[in-house]
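Next up: the structures, one after another.
You will see chain A twice below: alongside chain B first, and alongside chain C after that.
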Partner chain A sequence: MKSRSLIALTTSALALPGITSTANADSPPTESSFGYRVSTYEEDNLPEEFLFLGDPERYDITIHQFQLVTPVGENYGLTLSSSYESMSGASPWYALPVFEGEKSIVMSGATIHEQRRDYNLSLRRYQDNGNYAFSIGTSRENDYYSWSGGFDIARNFNNDLATIAGGVSVSNDDINPTDAALFNRVTDESKRTSSAFVSVSQIIDQNSLFQSSLNMTRHKGFLTDPYKLGDTRPDSRTQWAWSNAYRRFVNSLDAALHLDVRFYNDDFGVNSLTLNAAWYQNLGDNWQITPSIRYYSQSAADFFTPVNDFSLYGVPNSSDYRLASYGAVSGGLQVQTFIDDMSLVFKIERYVTDADYSIHNGQSSPALVNFTRMSLGVSYTF
Partner chain B sequence: MKKSLALLPLIIPAGLVCSSCQPVQAWERGTLAKPEMAIDADPMETTLNTHIFFSKEASNGGHNAAGGGCGCN
Partner chain C sequence: MSATPSDLDVVFRHRFHAMGSPCEILLASSDHHSPAIVQRLELELQRLEAKYSRFQSSSLLSAINQSAGSGKSVSVDEETERLLDYADTCFKESSGLFDITSGCLKKIWNYNDLEDRQVLPDEAAIRKALEKVGWEKVERKPGEILLPIKGMEIDFGGIVKEYAADCVAGLADNLGAGPGMVELGGDIRLFDTDKSRSWQVGIRDPHDAYRPAATVRLQQGGLATSGDYERYSVIQGRRYSHILNPLTGWPVEGFSSVSVLADQCIVAGSAASIAVMKGDEGVAWLKELGLPYLCIDQAGQVSGTMT
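Let's look at the complex of A and B:
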């Protein structure tokens, strides 16, 4: 029997909605494993200098993640994953023309409390020369429901030195905003998303490998944010992302280098560049410490306006800071220890944005978000 | 023709990388099989990070996604 490739060359499948996290190896799991992780995500308050009205305290979110990976028979692997989020805080509602100096942002008045639950299931069949998987998932909030499904397949070539993979997925989102009558919001809208990817992976030598993938995602339907006043967006969006990953193991230091770069473009007019670097440093057999750094820069959407222009009713326009031009730098530090069949992990990450960090054109927003995220997790193999 | 042009971003870097590739036998792939050498070394971490960046940035794609969409803002 031809040996199966030992390495993970198919994870670009994870780029699609409906295709969930699966085992890394290109062979079925031989043991079951369970993982739990709790994370806190805290956004900095909106600076008083920009706040015109509302609550400056932005989102605090607690996230619980669960994942079970288990073999099914000799050739299948099943992955069940779920997460539960509880969030509270305020978010930018709209932006006024500069008033009283630089105060322009109106935040949502009342603190928002909300929960989100998602469930994902993936069944992967492993073969001599590759694998394929079917995945389904749901995500539910009190005002939002999404389901998704996907399929991906990978084939190994050239004595398993190269892998070509591809996949498709679809999802449907139903949106039923709260307090619709009070704030003249839409009551029942939906959007459909379809996505496809292809990727090429190559083993370079005994210590390094490379992967390049191309993703296309198309959204149709209601793409406006119903909780932002005066927000109107086009009813379709096509996104392209070209991602490249390089992994190299440095034997003399017992460490692995991860380098990632992504180029992104969509027909909202957003272009972006994402750079990631991480250094997985092993310390003996039981510890690993991983510093990481990420740089992100995006241009503004064609219809972004720093302040709302309410005369543009029905015409695409938005003051959403996420559609502004800006750059972001984040740094993280992860510490992991391995004790028999169990591992413990802790990570802290700080994310800072600034209009001046961007290498792209376009107007920016005073409502850019900074946040701190901490995670604590445990996994057990049995 | 247009579809094949769209694949150029994959073909060109793969070709450049392959020009320096060496034959690696199955028994020589122990280092490549280390968990920290996976494209996605920590799927739970990737799921969370992708979800956060999906919610807070205009771009997405190329990393793990936590199921379908969400109303996160």
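Let's look at the complex of A and C:
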């Protein structure tokens, strides 16, 4: 990542009529860095008034993430990342019809304890006018195994002021739900996912940057949630997302504004809009404080039903709150400090969701979840 | 500063004087076009000198400076407009330390007079000079500039000579001069480069004009040096840099010399100047930029990332 001051000076210099460009080589990392971050994600418990059966305590997740970036030879960079996630809690199992004042959500009976381990490896080659990388990864839970592979490439133009990038990836998931015989769940299902993206980014002037990207993802296979009762979903899903980012540095305040807008659509019938704003305020040379706010709204999937209709066996229907119409607002605060070759970061985020926050159509779910997320990270360059 | 290519023989060398400095153009290969090419390159330097010299009364820069305080703006062409934009970027990125209006401070510090003096300039004189300093006071409209205060001056030192090196390199490429190097009073820009060639450049010791303080190998880009070479005052036995802080009016107390390597010589030059102006914080600035650099402190100690 180039220094912002250097981009400012170079952009200004390249505007001079006598200066011709020299294409810049993309540079691989010259130093190794190690990062570790621990995050906790704690869902609010389901309000008692909605609970019919089960444990009101929803998911608590703790995630440990490790990353090592190191140069290999003169032109390559290797990134090894791994995460370990432990989950406990209960998630909604099915939803019942509700009469005024009655309880409707059935949480899955016992508290779930789960662990997930992910490993990813990518090797990136840096060239005179861009870079490309191959990556592979695996993810494993006790009832689930996934592998993935990908390739991406970026090319710089116009004195590195513009970059066009693209990539493809594929993954395969094998799903073997636990307690399949007991609850009449499926066994040995699988899902294949392929995805592609293109993006273009342009440095507008010495203080601002715009990036736009289009992503298509196609899932085929078993897309139903095996742990939800009466949940049946189509066996393919095509998703489109168009993301736009604008970054502006404000010299006089030594701060940067980040604005993001994302439009999403899929053939389940879900449309969504995400708006994100963050203010990165530098305080002296060693501190940075970042308040951020995000708004999210989505429509319900075509086959979403707020309560399970068990007569619809085999026909697409789901009461999963993630397929309901809802809106969400979240606010976060991040504090980062830099001490020599080390950086420490703390972030707290509060997420609140409600059917009324949605600007989209469709029915909502009583199982919408609020959560608080906290993370603490450290990174070290050597 | 001296330069010799290490992995090839220089077969064409042209030395001349322009922009107040000794200049040199080196071409790695020569044919019957070479004399005409270097003549054309020298002409480009004469063009820029005629436009931006502070000492030629017919220059555009002199016209701008002579208009100061008259209330009348001066029309400027595209190239000058972009140079003023560049100066504006330097001003902002250095939080006001790099200021092209700070030239009139130099008069009260008498840099042309190397005789030992007994007295420092008095504070009242510095304050009075500071009234004529301040890029933020300059009024700009598209294609026009107005210096609002009589006696105010613009000086493209730290920008124009470096820009000229970039212009010469660009023109050399266009003329098909082949691999080569231009050096203008210590500021260097390579042209038609590839990874198979490197040029060995000696960075002059600020305290000993005839000795290199360090030798570096360049493969591409521009190398510029800022420091108190030759131009300083000795007052009551103490050496005062010719680089003045436009906010205080006093000479900066930082490195004796800073050299920076960048893709463009103009960027290298302003990065080096700002590092010297920043004094103790100069190294942090250079590290933030991520450009290779070499510093020489007042005791002659060499440090940095350039090899």
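Basically, the second predicted complex is superposed on the first by the 353 of 382 C-alpha atoms of A that agree within 3 Å, B and C clash if a C-alpha of one lies under 4 Å from a C-alpha of the other, contacts with A are read in each partner's own complex, and residues count from 1 in each chain.
Keep in mind that, in the parts below, a residue touches a chain if its C-beta (ideal position, glycine included) is under 8 Å from a C-beta of that chain, and two chains touch if they have at least 3 such contacts.
Keep in mind the model is a prediction, meaning the values are calculated, not measured.
**Q** Check the contacts made with chain A and report whether chain B or chain C touches more of its residues.
**A** B
**Q** Touching A:D285 in the superposition: chain B (first), chain C (second), both, neither?
**A** second
**Q** A:Q206 contacts which: chain B (first), chain C (second), both, neither?
**A** both
**Q** Using the touch definition from the top, say if A:Y126 reaches chain B (first), chain C (second), both or neither.
**A** A:Y126: touches no partner chain.
**Q** Would you sort A:N251 into first (chain B), second (chain C), both or neither based on which partner it touches?
**A** both
**Q** Which positions of chain A sit in both the chain B and the chain C interface?
**A** Shared contact residues on chain A: 3, 6, 8-9, 12, 14-20, 22, 24, 206, 251.
**Q** Mind pulling up the chain A residues that touch chain B in the complex?
**A** Spelled out, the residues of chain A in touch with chain B are 3, 6-9, 11-12, 14-22, 24-25, 35, 37, 39, 41, 63, 65, 67, 81, 83, 91, 116, 118-120, 137-139, 141, 143-144, 146-148, 159-162, 171-173, 175, 191, 193, 195, 198-207, 209-215, 217, 225, 227-228, 239-245, 247, 249, 251, 256, 258, 262, 264, 266, 268, 270, 272, 274, 280, 282, 288, 296, 298, 301, 322-323, 328, 334, 345, 347, 369, 371, 373, 375, 377.
**Q** Which stretch or stretches of chain A touch chain C in the complex?
**A** On the chain A side, the touching residues are 2-3, 5-6, 8-10, 12-20, 22, 24, 206, 251, 285.
**Q** Sort out for me which residues of chain B touch chain A in the complex.
**A** Against chain A, the touching part of chain B is residues 6-7, 9-11, 13-14, 17-18, 20-24, 26, 28-48, 51-53, 56-73.
**Q** Using the touch definition from the top, list the residues of chain C that touch chain A in their complex.
**A** 78-79, 82-83, 85-86, 88-90, 92-93, 163-164, 166-167, 169-171, 173-174, 193, 220-221, 262-264, 266-267, 270-271, 284-285, 288-291
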